[in-house]
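Look at the two complexes coming up: chain A is in both, with chain B in one and chain C in the other.
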Partner chain A sequence: MRLRSLMTKGWAISLVCMVLLSGCLSEKEPATTTSGSNTQAATEASGETIKVGILHSLSGTMAISEVSVKDAELLAIEEINAAGGVLGKQIEPILEDGASDWPTFAEKAGKLLQQNKVAAVFGGWTSASRKAMLPVFEQNNGLLFYPVQYEGLESSPNIFYTGATTNQQIVPSVTWLLENRGKKMFLLGSDYVFPRTANKIIKAQLEAEGGQLVGEEYTPLGHTDYSTVITKIKEAKPDIVYNTLNGDSNVAFFKQLKDAGITSKDLTTLSVSVAEEEIRGIGADILEGHLAAWNYYQTTDTPENKTFVEKYKAKYGSNRVTADPIEAGYTAVYLWKAAVEKAGSTDVDKVKEAAKGIEFAAPEGKVTVDGDNQHIYKTVRIGEVGADGQFKELWNSGEPVKPDPYLKSYPWAAGLGE
Partner chain B sequence: MIMNWMKLIPGSRTRRIVWAVLILLLCMAPLFMTPFRLGLFTKFIALAILAVGLDLIWGYGGILSLGHGVFFGLGAYAIAMYLKLEASGSSIPDFMSWSGINALPFFWEPFRYFPVAFLLGILIPAALALILGYFTFRNRIVGVYFTILTQALVMIVVTLFVGKQEWTGGTNGLTGYRDIFGFAFQDSGTKIALYFITLAALIIAYLLCRYIVNSRAGQVLEASRDGENRVRFLGYDPSRFKTFAFTVSGALAGLSGMLFVLQVGIISPSMMGIVPSIEMVLWVALGGRGTLIGAIIGAVVLNAAKTGISEAYPEGWLLVLGGLFVAVVVLMPSGLTGLWNRIVRIFYRQGGSEHAVIRKEG
Partner chain C sequence: MEMLILQTFNGLSVSSILLLIALGLAVTFGLMNVINMAHGELIMIGAYSAYVTQNLFASYLPKSWYEGYFFAALAASFLIAALMGCLLETILIRHLYGRPLDSLLATWGVGMMLQQVARFIFGAPNVAVTSPSWLNGGLAITSTLVLPYKRLFIMALVALVLTAMYLYIYKSASGRRMRAVMQNREMAGCLGISTRHVDSLTFAIGSGIAGIAGCALTLLGPIGPSIGTYYIVDAFMVVVLGGVGKLIGTVAGALGIGIFNTLFETYTSASIGKVLVFACIVAFLQWKPRGLVALRTRSLD
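Entry: the complex of A and B
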């Protein structure tokens, strides 16, 4: 009997300790009110430094892509701090791991905004992670810089999109393909939101611009057996395979395509998720001659890019490569800095207002923040993979293209995204 | 007055006092936690509801389910569908128009009404558990074969939810809702209310499972865990008791999923996948299988550790967490409750009888 009651007491004591402990943990952090007041707190609580959040997947399946973006963002912060910081204050990055898990992204975004009172967050990669974080940023009036090309049809007042939307990558690349490589197109993608939405847009565009859809296939994320898909491609005899596969699937698809005796001379493929980083994984010999559409390549010829690539390699190793999302993450930090300096404050509403029309000489060339939708003007580039694993630019749009996430300026896109 | 009220709590007098103090402390949690921490704590409590249900079948019924993510997810989707429809107003949810459908699918219609969505969030997982349990236990599919079946269930449901993007939102899942009945999730008032609702749900779930394991049905359940054939010889049909427990467990998982969505604001197929399903079993294993309170402690401690460690070491937290797992498995084979019992035994070697230690707490 004594023993039993002692055991019960013990349980209770440990539970109580737990509750108290979590209470103490939370006490340490600045106790403040909740909704809406984050903007004000961010300016006041900063003191010596200005805190910003960096929220990428540092573990899990997406880590391989996102860690490089985190590195680039930290590089930009380091550079800015070395040059005197922002508004005379040093930037203090707070790192969090989204763990390739969408609710974790939402949780950590909430932590950065509510507990750390960060002035801005740089983060996300997959559309799913962005969609999970979006309500958190809108409810707390936070600021998110999202660095990856995506499927468009979105424009949150609390997000700056520094990657391409569809009219800065997919739409112009389809037009270029139809003019230069043939009319018959086969759509291949991983089964999730980005490829499905992208292909929906491409199908509408093909109809309007005289292309012909000869096949459409989706495989689960992480799928590695493409023999049936390749057979279907052989039967459909397309001029072009438009590839929206993501991650490891690209390795399997291109290897098996080569094994099946199909090279880039027999068939044009254009990928939107294969950049320098992925080429390292797949092998330049396999990808040689295949195409990709991006806004930036490591070979992009600007003086800013030369410095950027040098600094990135100096800090992280000469075997590292830069790529489009890496550059977009780096650019995002500088755009935020420019907006803060123009606003003279880190207050979210003031920064948003100041950001309209801000220009920056990025490694990819001049970028401008669009005042209407918080995307940025970007130059479109189509590149061909060379034997060294670097891209050779075949075509570019000549000037930065105005972002149009809802494709309002394309009559054929009417009804796609309301 | 207070003593009368305390009679509601079962057990000895000391036990009652301990529980009353504990519940009182939990009720005061909003006073000493920031709204953000309170939200996290509420999430842990919501997950503990699932852990209690899982412990009911695993700890007491000996049925290892690696498919509880599905029941959890079904409950979560039910309430998320309601919230999504509320947030979309008169138009159809945004992902449907991206995916090319222009009218709301018929099975979405009932989720316009909260009571219906709430009931379905419990009944659908319960019904699925009932069907699965009925056909497997009746055919005497037990042990590892049943576990494999639950894994298959996970694969099927996740593939379905990912593939039917126009109905379910695909891999993105359902997100983008910010209020319930007009109360913004972000307001501290809403957070405190949700905390108490979740806490009440956990207490009810705990008492329900406690009632079940202490009842005759619970004894048969436990007996069929230890010797199914003997139970059958005694004239009981173990499959009926197992099916019943499995159904209750599924329903609790659904309830847990609903409360989880209210905290997290998103549900996607990845949360009903194989990894989360295994993680759920880990909560129970770490807390102490076969003690309902152990399941609660396991769920809360493990999730709190996950959050705390990943905040402290964003780049190496998985290693730390993994190390802790190994340590727990090696040093505490029967979980935190087992460790506690061992400590008690060491200190009370002369006083207490071995029997009292081994007997499992409710």
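Entry: the complex of A and C
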């Protein structure tokens, strides 16, 4: 009896703790699911808002990247609201947590479209989450703005891709590397859809442009020991390591590469998933001299970027940094706003029609929505990490590059789409 | 030849890391039979303790002291993780002894809560710990054969922790009481040992060792809210393969997994290597369900 009562007491205490904790945790977010009834009441009362969904992983392994994109999107919404909103109405963001779990993304997307009837959703990071949400948006005729560079070979009528596709990041960077840093390339990536598809493209390109593949390695997501991979790189003696590792593995790889006595002077590495945010988590001393390919850096020299960085830091703290996907998320909100204003309505079909050819002076420079594939024209930039953790731009494409998700304009890429 | 030496060294290094993350679990799971899914988060707490210690040293102490921060960090990681473990044992796990499935679910939940708390305090992105400069670089045997100091340091640290644990468990009075309680709780209680205190202390020690592991891993890996999830499966694998309840088994398990993993990875790839290791473990446990070193006991489970 005594034991029983003790046990119930223990459970009660831990339950109370959990409730208290979860209460504390959800308090800070503006409008999460837990307060669903509140948001509904609020909209019924005012009726003067346009609801949009923001669907990123706020918990789980992807939260590391996605939380900052959410912050940038909220910043854009706040700015637009302060300037009078869209079509005279305020934008009301509804936050959902994809929880780094792809079925959850699909489920929450369905909830946002059917229950909250949002005009558009800004969200996703991994290709897996986008692929999970895609059928939901197509069935409900919703609108998704996806802010991250990805592996291409996709063009859904219900998705706007504001990150780079392969011909705006990977393909030009490989060409640049072959011209400037050597011919022998070692491909290193995490073992999932993006690196494998990207490397398929790179291999076809190497063959066409006179490069030489000396090794190819994939490690599971979250892999933390790179000693063997580094031994293999030493054996293969490449000029360049093309790095498509994603997430925390980058930290382990670069720390251990440095310990093995290999610096950026001995070996060129170019990463496509290491941005300012990741540099902070790895340490600038470790990454100094290594390269990355993106469309935007915090140091990108445009007047729009200067104000963007200032506002972002003012709102979220001076120690925060901006990076490519953060900028793409911010830009996405403004592109949607411009399209809605041009269409004079939030109706999905009208917005899509109006979005064609829309231009916006984004922090990364001028971007234009492509009428055919709903990607955007972006300038390609290759940067080198400096001692302060910021990128120094080594090369850029000069003008925004037309998106070509299926690489139709490259003869060597024929047959990759299958 | 050089590659062979380097890969042997890498195999030993991977083993030492596995052993470090599994040692704490060998105590909480191996000795106490608590399936502690929050073990990874205790590692995370250790890693963040190192981060905080580093920042404190950088901002409050003279520059010349900075290089020594890592030793203070090791101590802080141990103490903070042990304290967390003690707290966890007192408010939750104590009520779940003898109910392994419940403890699995509850500690899993605690793990997620701790991750979210870390995300709130430190933010979602990774943080950087600058390793002390005396650990940078490596022992150059030839121009291409370099043994990183950090990996050598971790090996030495593991040896030290293992020795300390051995002395404590097998040579001290407190360790003797711990073994008595784990072998036969009722009997030990009858003889006047406070089993409750022993439980708390044992769990705290196991957690503290996880904290040390977290601190050491900042040298090689990422430091973020979800790093615990990368290590938890490996830790359980080592303890289960080694045989629950014996320290020497854990050592053998870590050596086995580390060396075979490196070997397979050298000749295949990291993903395939991992699959092969898991396949071998499954096959081995079919043959010897109790693991490499079986604990002989008279108690009826």
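By definition in this document, the second predicted complex is superposed on the first by the 370 of 418 C-alpha atoms of A that agree within 3 Å, B and C clash if a C-alpha of one lies under 4 Å from a C-alpha of the other, contacts with A are read in each partner's own complex, and residues count from 1 in each chain.
One rule holds for everything that comes next: a residue touches a chain if its C-beta (ideal position, glycine included) is under 8 Å from a C-beta of that chain, and two chains touch if they have at least 3 such contacts.
What you see is a predicted model, and the numbers here were worked out from it, not measured in a lab.
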{"item": "Which of chain B and chain C A:Ser173 touches, first, second, both or neither", "value": "neither"}
{"item": "Which superposed partner A:Asp191 touches (first chain B, second chain C, both, neither)", "value": "both"}
{"item": "Which superposed partner A:Pro220 touches (first chain B, second chain C, both, neither)", "value": "both"}
{"item": "Partner chain in contact with A:Gln205 - chain B first, chain C second, else both or neither", "value": "neither"}
{"item": "Contacts of A:Ser59 with chain B and chain C, given as first, second, both or neither", "value": "both"}
{"item": "Partner chain(s) touched by A:Thr162 [first = chain B, second = chain C, both, neither]", "value": "neither"}
{"item": "Which of chain B and chain C A:Asp248 touches, first, second, both or neither", "value": "second"}
{"item": "In the superposition, chain B vs chain C on chain A residues touched", "value": "B"}
{"item": "Chain B versus chain C as contact partner of A:Ala260, first or second or both or neither", "value": "second"}
{"item": "Overlapping contact positions on chain A, where the chain C interface meets the chain B interface", "value": "6-7, 10-11, 14, 18, 25, 59, 191, 220"}
{"item": "Contact set on chain C toward chain A in their complex", "value": "3, 6-7, 10, 13-14, 17, 91-92, 94-95, 106, 109, 112-113, 115-117, 119-120, 123-130, 136-138, 140, 144, 146, 148-151, 217, 219-227, 229-231, 262, 265-266, 269-271, 273-274"}
{"item": "Touch list for chain A against partner chain B, complex", "value": "2-12, 14-16, 18-19, 22-23, 25-27, 29, 31-35, 58-59, 95-97, 99, 101-104, 106-108, 110-111, 114-115, 127-128, 131-132, 134-136, 138-140, 151, 153, 191-193, 196-197, 200, 220-221, 416-418"}
{"item": "Of chain B, residues touching chain A in the complex", "value": "11-12, 14-15, 18-19, 21-22, 25-26, 29, 32-37, 39-41, 95, 97-100, 159, 162-163, 165, 169-173, 175-178, 184-188, 191, 264-266, 268, 270-271, 293, 297, 300-301, 304, 307-308, 310-311, 314-315, 317-318, 340-341, 343-344, 348, 351-353, 356-357, 361"}
{"item": "Of all residues in chain A, those that touch chain C in their complex", "value": "6-7, 10-11, 13-14, 17-18, 21, 25, 28, 59-61, 63-68, 191, 217-220, 222-225, 227-229, 231-232, 234-235, 248, 251-252, 255-256, 258-261, 277-278, 280-283, 285"}
